[in-house]
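Below you'll find the structure I mean.
Chain nomenclature is as follows: A, B, C, D and E, assigned in order of appearance, with residue numbering initiated at 1 for each chain independently.
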């Protein structure tokens, strides 16, 4: 599997309104559901037929229409026609590998961003494209597969009569984006804890598997950065957007999103730098440790070199080699060897090589 | 072959309207063709004589006039005179090594950018300069050689009666630039897949050929960056251009181009960083592996050093060397040697050098 | 302990007005105090009951209400209701891990920033979130635990009748933020002195513990940077804020804050660079020193290699080996060895390897 | 020779209008010439006396007055008085080490920039300061020494009756600056070709002389960058300058200069990066190659170590050493040695160390 | 001595108008002098009593009042009261470790910047804080100690009747700041010459003392950068300041200051990069040279290893070892050894290891 988006040759030169599903098919069947609410009531329903939505959409309530799965282009087209989408919108929804962006259409505000999570199942980071589309009556959320990411928001709708229930879809959009950024922060915190724990491994027993670990986290963090960096641009643009569908009193919430995505971005920067520092420290530790070994062993060898040389001399077979015939010759040789070895040790000690 | 643009000494100090063909001659004969269309009809034709275009140009249809090959200055001059080009335009068209740019002339919008492709034939990246020139009636595309790059756009004109057929040349220009950026993304995706696969090689059998590979991809990516970076500036300027020839309803498409070129630029950044990380990891792996070898071998030597020394002592020829005459002297020596070797192995183990 | 902020899974998707205490409980009991002053008088009091504040708040005096401890949400809610806080404010006060920020509410200016200090007790840097909230009558300061950080400001209120006593809460806010930045500068100065002293260690006896030290300071500095960088953005925004509660004559003081935080930021940059330079120098010194050792020892070995070889030759047991029977054979061998050794030393000297 | 500009102690604190020649004296005698032209005629003349110019200057023609050599301050003063220069202008003209800049005086536009060339004679890059000064009637060019840099522009004046002959001095200024930038591009192309050819050397026979070469090109490129970077700022300012002496129809040419200098700046960036990559690759190649040698030789040594040890054992003189008296003892020992050597080779092969 | 500014614990939380002398006492006694001039006359005087100034200040002449030494707060207060300084000004003057800045008070423009010089005495760079304060009648310069830095400006006042004598204090301020920047450029030139000369040392005899030298210059340059970087911001702000005390005709001089400080900043960048390149080259040279030594010596050892092994074999005491009894056995062995040594040398040569 390759992680960065690829463009297929067949997609080159297509019309921007050409509807082609370019992603992975992540669910068998498109699933649609609706939550329709106002301050006094909430209605939740699974939907089989696009026509059913029409009944909700024209009430004064706020309608959140969520779609899981994007491969059935016919259903998407039907939705588009029912709600009079600009032709570009559905193509954007289908382009799941696109860069996070915001587009202000006449009758809708369109937002796309990346849901980034850690999948326990795949033991890896998964990225899913999320498209939001809202006006003052309805909000569409398009996801690639079913998930429980937005369950907390649904619970807030079900349980409270507060803010969320008395606001228009702009506040719902804020709540959804906020949840996505919360996931960024949660994921970064999780990774960060592991990255920081590498420090201990580095001190106690640095080994090559640490390189692999650091490299793997570096890839994950870079991957997350690729989602967060353009999201930062997008959210800044969103916070400044002048649209009829974004109410002045909610501006402060969109400004808060800027703050949160900046925090995520700061954390990405911090972890990138931490990983890069760790790699450096690892490199220095390994080379420092190997140097210790080499130094020890080389010194060890050097001490024996002259000793072996002396033994070699007295192993020669010269007819005339007077020392061999001294009474204590052997013991004198052993004594000399001891003296030489000790002298060398002292010399090395003084030179601080030991 | 050198890859970065060079300026010949003879080109220094030339007038900006001086027409000199500065590129490589990539085709034998300039070829000209026209596609003329409106909502109801399409006419395609190969053209031999510049005069023939005049008949198309003054109809209300949209005329796309494409020229392959730039070495015949006389034909280009004729076109320029026929359509009353600003004198600077043709010089720009001929300067195939120039930086992507946009220029708003009175009667035309001029755009130049780089078509970057992977040539199966040359097994390398090829860069071709593309100039576009359009007003509200006609669009000229100047290419260095014939290619099938824009075939998908031609097919959209031939087959559909949709958007492209009912728009003016600004939308056609969008479609062409979009196709060029699609090629950037496709090429980056292709390279990216290969770059990412280097990771596996790095883990399994890092060898010097990997440096060559990384370096070669680094060059390719840097080369692409040189085309994309100024194109990014140019497309941003294009999306903000106020011209009579760019219709308001198409603004959204030019804004989309900004998004796409940003994605290409993001990918270039990502791959640059990935390659640089790979080079670092390679370096650490090689040095880590060599260290392992050196460590093993040095330890091996060190164990034999004292043993050989002992053998040396008992190889001396002293008259008085009592151990030589012990009954079990030889076996005691072998035993001592075994003890020393084992002790050293244990010591190294405890020191974690093994 | 991990140092970068983490988000708990349970916090994902919460309403921005949901009051959850997300920090560490750093005190047992929330403590509240008030200093109420004008040009002529100062009154200081510990407060048990939120209602007590009301009596101060409606006087023309400036009231500084400080709260230590954030875990008792009920008390905070009571305060919020009493003073009609925007619902977002209390949630921000409780989010102790948030990024420094400024928010202009209708009836209050809200500021959050980080108090960074060196804790003698923990022998480490501690970070505490500080929230300030002021209008033209009252200033609230929310801290995580009791501390003597603002004692100098309190003393200025108690002792002088000058500026601070005759100003509104905006000047008090300035004085508090200024104190926080003074702490940044003090802390950076303290760390800086230690970092600079590493230079001496590097020259005299570079050892692996220096890596640990450098790494530890690098982490501390990066950690401080994480507090200062967004504070810089925040203070710049504060200096430009148009609010009824910030009086024109005090603008110059807020501008001064920008200057001071810039100095802190400059110092962070300088120390980061210094640490990074030190790591490089350490690396070069260690490798340069090891090279010296290896060089010496290898040369030492090399001198003995031919000598030992010669001894080996005359240790062979050939029947015919004429030199062994020369009268001065042994002495000639020793002489040759000396000549060889001296020649090699001279050669190495000339090659500048010694 | 040092390459970066130095300030002499005596120049500190001088008045900005103090006329001191601070450069190298590059010609013996100041030389002055004039080209005076309009659409119908051209007159070229060498001038001895400043008064002579007056006759040209007050005609409706365009007068290009060029001065080679700057050491004769009296002549420069005379020119300044004759044409009523602002006092700062001559000081700027004399400050040949200054940063490229543009200044809009009342009666003149002043431009300074660097002419950078490769001197065949010195085999090195030479930098010369060029000052241009123009209003709607006259253009002064001040150069440090005589050269043929602007010969192509003179030829355009002499030969054509086109654009240059029918324009005012602003277009002449454009033509001169354009020529200077063409020289940048030419020089960069020349250097670039050599830099790119280092790649081949790197692969075939990397040796220390490559470091010197890379370092020398790095210096050259950095040196060029020092001229181009501020020129980029200056030319951008020039393209935006609102002056009576820059005619609207020529704006497009000044915009083109921005494009060209950006290309030069891009190329500088590319070559800097290429050189830095080459240094890295060299480093990795050298260390990779040395590693190969060390590995081979160490393995070689290790194989002989146990063999020599065995020979040592049978060289001992124990009274009782049964193997010595076996009939085939010697041959068995040789056989064992062969087995050990082969086993070790196989082991190393399996471990992929060979 | 530590070089970066430290904040004392006792300074935390002080009022911005609190007057505390925070610097080093560099002179025993505060010294005050005045130069009072207009176009026709100059009067210079040493002053003992603050009251004396009053007589100068209320004339139409320009009064430059210079103060050396800042430790006597009472005198400073007296000056402040006499001339009605804003309370913040004196505190700023006393804060000698502050960042260069500009402040526009009602009755004065306040500027602080760093005088950076090379002290022959201390053989190190010294930094002194300089505060300037001017309106349309008077300019105050506050320095930490007496020096001859501004002597050239004084001479211009004494000798000429030109510009400086006929201008108001804004031009005097320009002349002083210009002198300070001239000192930056002079100092950078001096350092630069030494830095560039390291290149020669690197090529001829790279040794560890070069690291120390490079590191020492790096520190100096970083230190200078710390003064220049904020000065750049300050001078840019000064060039844009709209104040009654800065006359329009002098704007061009302040713009020139921007140019000069930019040149200083460019030079700092260049030298930083040069030093960093030198460190890299040193690293590569040292490792390249050591590699040569190691390679030579290892090869040397390897050649003797098999020879010594052979001698070892014929040193064994086997009863049956036929070669020992060959007539020419010894000579054959020596011959074989020579053949092996030569073969290995040839092999190494072919492998290009020699």
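Here, contacts are C-beta pairs under 8 Å (C-beta built on N, C-alpha and C of every residue); 3 or more make two chains touch, one makes a residue touch a chain.
Bear in mind the structure is a predicted one, so any value in this text is a computation, not a measurement.
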{"item": "CA centroid of chain A to CA centroid of chain B, Å", "value": "26"}
{"item": "Centre distance in Å when chain B and chain E are each reduced to the mean of their C-alpha atoms", "value": "42"}
{"item": "Residue list for chain E, restricted to those that touch at least two other chains", "value": "287, 294, 298, 301, 308, 312, 315-317, 321"}
{"item": "Chain contact graph, described as a line, ring, star, complete graph or other shape", "value": "ring"}
{"item": "Chains in cyclic order, anchored at chain C, direction fixed by chain E", "value": "C, E, D, B, A"}
{"item": "Footprint of chain C on chain E - complex, ascending", "value": "2-9, 11-17, 87-88, 98-99, 101, 103, 208, 211-212, 215, 218, 222, 226, 229-230, 279, 282-283, 286-287, 290, 293-294, 297-298, 300-301, 304, 307-308, 311-312, 314-317, 321, 323-325, 327-330, 333-334"}
{"item": "Residues of chain A that touch chain C when the two form their complex", "value": "150-153, 156, 160, 162-164, 175, 178-179, 182-183, 185-186, 189-190, 192-193, 196, 203, 252-253, 255-256, 259, 262-263, 266-267, 270-271, 273-274, 277, 280-281, 284-285, 287-288, 291, 294-295, 298-299, 301-302, 305-306, 308-309, 312-313, 315-321, 352-353"}
